[in-house]
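Below you'll find a set of structures to go through.
Next, two complexes with subunit A in common: one pairs it with subunit B, the other with subunit C.
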Partner chain A sequence: MEKARISSLQLFMLMTGFLFGSTLIINPIINAKNDGWLAIIIGGIGGTLLLWVYATIALLNPSKNFVEILRSRLGKVLGNLLALLYVWYFTHLASLVFRNFGSFITTTTYLYTPLEVIITIFAIVIVYAVNSGIEVVGRVSELLVPVIPVIAVLISISLVTIHDFTAFLPVLENGIQPVIKAAYAFLTFPFGETISFLMIFPHLNKRKNLRRVSALSALSVTGLFLFIFFRDITALGSHFIYQATFVPHITSVLIPGINLEPLLDVNLLIGGGIKIAICLYAASTMLANIIGADDYRKFTTSLLTFCVVLSIWIYENIFEMFNWAEKVWPYYSIPFQIFIPLILLVLSLIKKNKTTLTDSAEQ
Partner chain B sequence: MNNNMMLILAIFIVLSIYDVRKFIREKESARVIAAYAFIVVLSLVLGFLISIGKRPSSPAEWIQEILETMGVIK
Partner chain C sequence: MFRKIKRHLRLGKQQINIDTIYTGIDEPLPKNIEKVKKRLDEIFSGCDDFIQRQMVCGEDECIRILVSYIDGLVDKNILNRDIIRPVIDYLSSKQAHDEPKLVYQRIKECVVSSSDFEEIQSMQQAVYKIVSGDAVLFVDGVKDALAVNVKTMQGRQIDEPDTEISIRGPREGFVENLATNMMLIRKRIKSPNLKFEIIQLGVQTKTDVCICYIKGIANEEIVKEVRKRLKKIKTDAILDTGYIEQYITDNRLTLFPIVGNTEKCDKLVAKLLEGRVAILCDGTPYIITVPYIFIESIQTSDDYYDHAFFASFMRLLRSFALIISNLLPAMYVALVSFHHTVIPIKLMITLAASRQGIPFSPFVEAVLMITAFELLREAGVRMPRTIGQALSIVGAIVLGEASVAAGIASNLMVIVVAITAICSFVVPPLIRATMLLRFAFLVAANFLGFLGISFVAVAVFIHLCRLRSFGIPYMAPFSPLTASDIKDSLGVVPIWAMLTRPKILFPENTKDTVGIKRQEVDEISED
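Now for the complex of A and B:
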């Protein structure tokens, strides 16, 4: 395993950037309409709990990465098989984020640039970052992630003259069901995707901070999304938010006399870049572990090539992308984000209790 | 034919050749080379099919069909 070390602050920044990722593009809470804020709060609390589960799994298996945890709890054959499935899952996730960004940029900013070119340029920068090591990605996130809330606040301040504070009323007009559905979508996208951090957690220098850092980043991102949701709904109104394809883009072009749209692109590129880098790092380290290679860098280029091709192959058009993210992704993710981690948590707790009982019997 | 896609495949072929040279120099194990070659060749074949307009049905469609068959989604 790579002997890199990251600080608690770097982990916090990496998680925050990852959670911000492409969430604003796909907007999983959109179906809750003006009750989206409730979905964000419920999903955020659920997401914090889910991150707590992942952090607990890591703490119960000290200095083991995800592949080693899977092998030690489920046996070598089943462990390797599930690890291979996770390699697919992280590669797939990275390619979805590539596609989200490619579609966003070619629809809003670079209208005449081909999707493939945007994705490839983005990919080459990311593979360079991943090959430089997780410490470098951590340091870059320390520098860039603080820009995300600054830009969000800057856009909000610029919109201060355009608002309707009654836009999120009446509360629960369509009942609780759409809110629960949207909260679940928000839980699986982005919180459940942090399962990839089980390959990063062993690099944390102060492991006792793991749960606190995870919970803090989940709560910070929930707060940031609430802030952005209130900004967008008071500026656009609930009906327009539901109709718009890229809500933050529409909000940023409303600002009179100044074009802040490139800042929004920067924001999304920071989050997306970190998310893809983490997914690629997790997939390549897992594959290197399964095969028994000494260095994950041997697989970064090959997996990135596959990610780029998959991102172009996966959807025929942008509508298919939104439809899939809304209808299929939350259910497809259940085994990867909830079932397998819960099984690992239970098995790790049983193992810990057995060890404690054996130790006390010996004494 | 999608020329952009062909150009991008050419870029990735160059990057892969650079990796293969390193593998040969460091006498890498057969397992690593086999896994690497499998992923790269699969990607290049898929990329080529997409560039000539013969896009096979995507994993997104397979996953959706599997979930529909299981009755998880309608």
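Now for the complex of A and C:
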């Protein structure tokens, strides 16, 4: 096990980058149309609670990583099995993010560049980061994640002349159902995916900050998304936003006089890169833990190669990608993001109560 | 791949490392002075600068004294004044003893009038003392010998260093002589806490290398680490601190400087006072400081002497110049080859007009022009100064003007390269890293436009965050964020507000820079 230590700030930055990730490309709240802001708020609050749950699991099992938690709470066989499933889940997630990013780039900016080239070069950078250790990934995120809100604000300022503040009216035109659906989609993507941070929580140097940092980062990302949603909807209007393939791209094209598209690419590169790096780190450390290998770096390159291939095979085209993200992902994620963590939480709480009971009985 | 190269390097190093010069002379000094003389002649055979002066005196010529030294290394005047004359006077005087031991005692205690001498017992020590410029005095019948320091202090005068010019502040620079350099540092820090530890490195050269730090300010762990790494060095020769630098760095495969060097006294003293450790080396004016972090590259000593507003502005300007000198050609290539849409229409028209009739792609054009510039720079550096200037002027005008006229490069490209060139000179410690990174960015830009630049930039960031200099993260104080050190990074606060030393160097010792200052602040706050 790596003896790396990351600070609270680094964890915050990592989490923020992770949550920002490729969310803007897929835009899970799009189905709520102009009520998206409501979906973001509901999803954001739900996401904060979910992160709170994950942090609590980590706190109840101090200095244990995810594999060890699974093993100690569910037994060795079942624990290892579930851990293997999670390895698959994180690998899958990483390849989805790769594909999201690659599709975005090849449809907006680089029309003549093959998807494979973009993804492969991206993967080389990622593997360099992950092999440098979680400490380095944390430090890099500390330098790069602050760029994300700066660019978001920059694009908004450039759009200040184009706005229609009535665009998000009327509220709840289609009833509450699409909002709830979108909020749930937003909960599973990106918030639920932070389950991978259970492999990183043990590296935090001040454990008592864990819950606060997680909640703060979830809330600030919710705020950022809210800001970006308002920008997009005031600039584009509710119909356009529903029909656009890549909303932020369309928004950035609207800027008069200059084209800030490359800046947007940079934003997505940072977020997506951190997300993939963490997924890969989680998957390879879990694999190393299951097998009992001492160094996770042995697995990173092979896992990442698998991710790259998977990301190219997985969809025929971008519409399939959107369809999957919208229809399948939220339900496919339920066991991984909600079901298993809740079981773990309950089991950990029972264990804790037992030990406190026996402690008090001994006293 | 790098691991293989590293292993190969390590193997190559193990095969040398035999102490070749002192093998075979590891013996005690013979009592008989004739034997000593014969042995020394044998050892120094073929060394015509080796001189032995024998003095004979007393009844039956029973007192015989031998002085051995190397001509040129010793100051003849001092040698005559402090050793030869007093010894002869003593031997010819009435107080002279007949017993060799007593004679030796007398000479040691009250005849030789030098302040700096040492008793030696073995032939190896004697030879070492002779080659390092001492005069060694042997007395017949005595097992010991006396090494007296009569070194000449010849060398370059102390003057202003050419490489680091400051507008304001002390102009003294270091020289080649180690003792002079130590004096220059001691003169500025009048404290017994300033420590100098001298060790000899290099099997053939036996160069004096000195670790310098301020006890109580420098981190003991780092000092220990420096000692450890210096002792690990196994090599034939140390000719410059550059040799040491390459041996002691944490990461041998990096473009970035992770060991600092300076020629300026005030700069070195400031670094020592911040808690860094300096390594001096005899024979070179360049002194290296560790740990060295990225932000030091954009710091200059003028920043602290000048008003903080201007200094902060200059810091920001320098950071900007660093980014420009790395990225500008790549940005140009990316814009012209990939992102036409980003360029405003009016500029686009000018650009198209200037690129009309140019046979090369923007990438080839950029590589040609940058290579030409690097060639000019290199030629200018190696030339004598007067010719160098002429060369650069001719090169700049002829190449710039003629290449545009001949249709090899566009006007805009010449401007881009010119700005890049100017900016690259703003941050001297990073010139070499920038030179290579510029090409990496160019290739990436030609391959994938802005996305390629971002990929390479992120890779460079990862590399920077990976680097450590003596255990200190290279990108501190930004990552990991060290709030109290931000005061001296991209901006700089006035000197009276700099109350704490860099925390990143020594977390336990951040209390105050100057006790008095902090006390004053406390008093004010109490009032």
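Note that the second predicted complex is superposed on the first by the 363 of 363 C-alpha atoms of A that agree within 3 Å, B and C clash if a C-alpha of one lies under 4 Å from a C-alpha of the other, contacts with A are read in each partner's own complex, and residues count from 1 in each chain.
One rule holds in what follows: contacts are C-beta pairs under 8 Å (C-beta built on N, C-alpha and C of every residue); 3 or more make two chains touch, one makes a residue touch a chain.
Here the structure is a predicted model, which means the values were calculated and not measured.
Asks: Put the two structures on top of each other at subunit A: do subunit B and subunit C fit, or clash?
Replies: Result for subunit B and subunit C: fit.
Asks: Using the touch definition from the top, say if A:Val160 reaches subunit B (first), subunit C (second), both or neither.
Replies: Touch partners of A:Val160: none, neither subunit B nor subunit C.
Asks: Quick check on the superposed pair: does A:Leu342 touch subunit B, subunit C, both, or neither? Answer first, second, both or neither.
Replies: After superposition on chain A, A:Leu342 lies in contact with neither partner.
Asks: After lining up the shared chain so the two structures overlap, which partner does A:Leu143 touch, if you call subunit B first and subunit C second: first, second, both or neither?
Replies: After superposition on chain A, A:Leu143 lies in contact with subunit C alone.
Asks: According to the stated criteria, A:Pro114 is in contact with first (subunit B), second (subunit C), both, or neither; which is it?
Replies: first
Asks: Between subunit B and subunit C, whom does A:Tyr331 touch in the aligned arrangement: first, second, both, or neither?
Replies: First partner only.
Asks: Contact-wise, after the overlay, does A:Ile258 reach subunit B, subunit C, both or neither (first, second, both, neither)?
Replies: second
Asks: Which holds for A:Val266: it touches subunit B only (first), subunit C only (second), both, or neither?
Replies: In the superposition, A:Val266 contacts subunit C only.
Asks: After the two structures are laid over each other on chain A, how near do the C-alpha atoms of subunit B and subunit C get, in Å?
Replies: 7
Asks: Once the two structures are fitted together, what part of subunit A is touched by subunit B and by subunit C alike?
Replies: 117.
Asks: Residue numbers of subunit C touching subunit A in their complex, please.
Replies: 338-339, 341-342, 344, 448-452, 454-455, 458-459, 461-463, 465-466, 473, 475, 478-481
Asks: What residues of subunit B sit close enough to touch subunit A in their complex?
Replies: Contact set of subunit B toward subunit A: 2, 4-5, 8, 11-12, 15-16, 18-19, 23, 28-29, 31-32, 35-36, 39-40, 42-44, 46-47, 50, 55-56, 58-60, 63-64, 67, 72-73.
Asks: Mind pulling up the subunit A residues that touch subunit C in the complex?
Replies: Residues 7, 9-10, 105, 109-110, 113, 117-118, 121-122, 125, 128-129, 132, 136, 139-140, 142-144, 257-262, 265-266, 269-270, 273 of subunit A touch subunit C in their complex.
Asks: Spell out the residues on subunit A that touch subunit B in their complex, using ranges where they run on.
Replies: Spelled out, the residues of subunit A in touch with subunit B are 92, 114, 116-117, 120, 124, 287, 291-293, 298-299, 301-303, 305-306, 308-310, 312-316, 320, 324, 327-328, 331-332.
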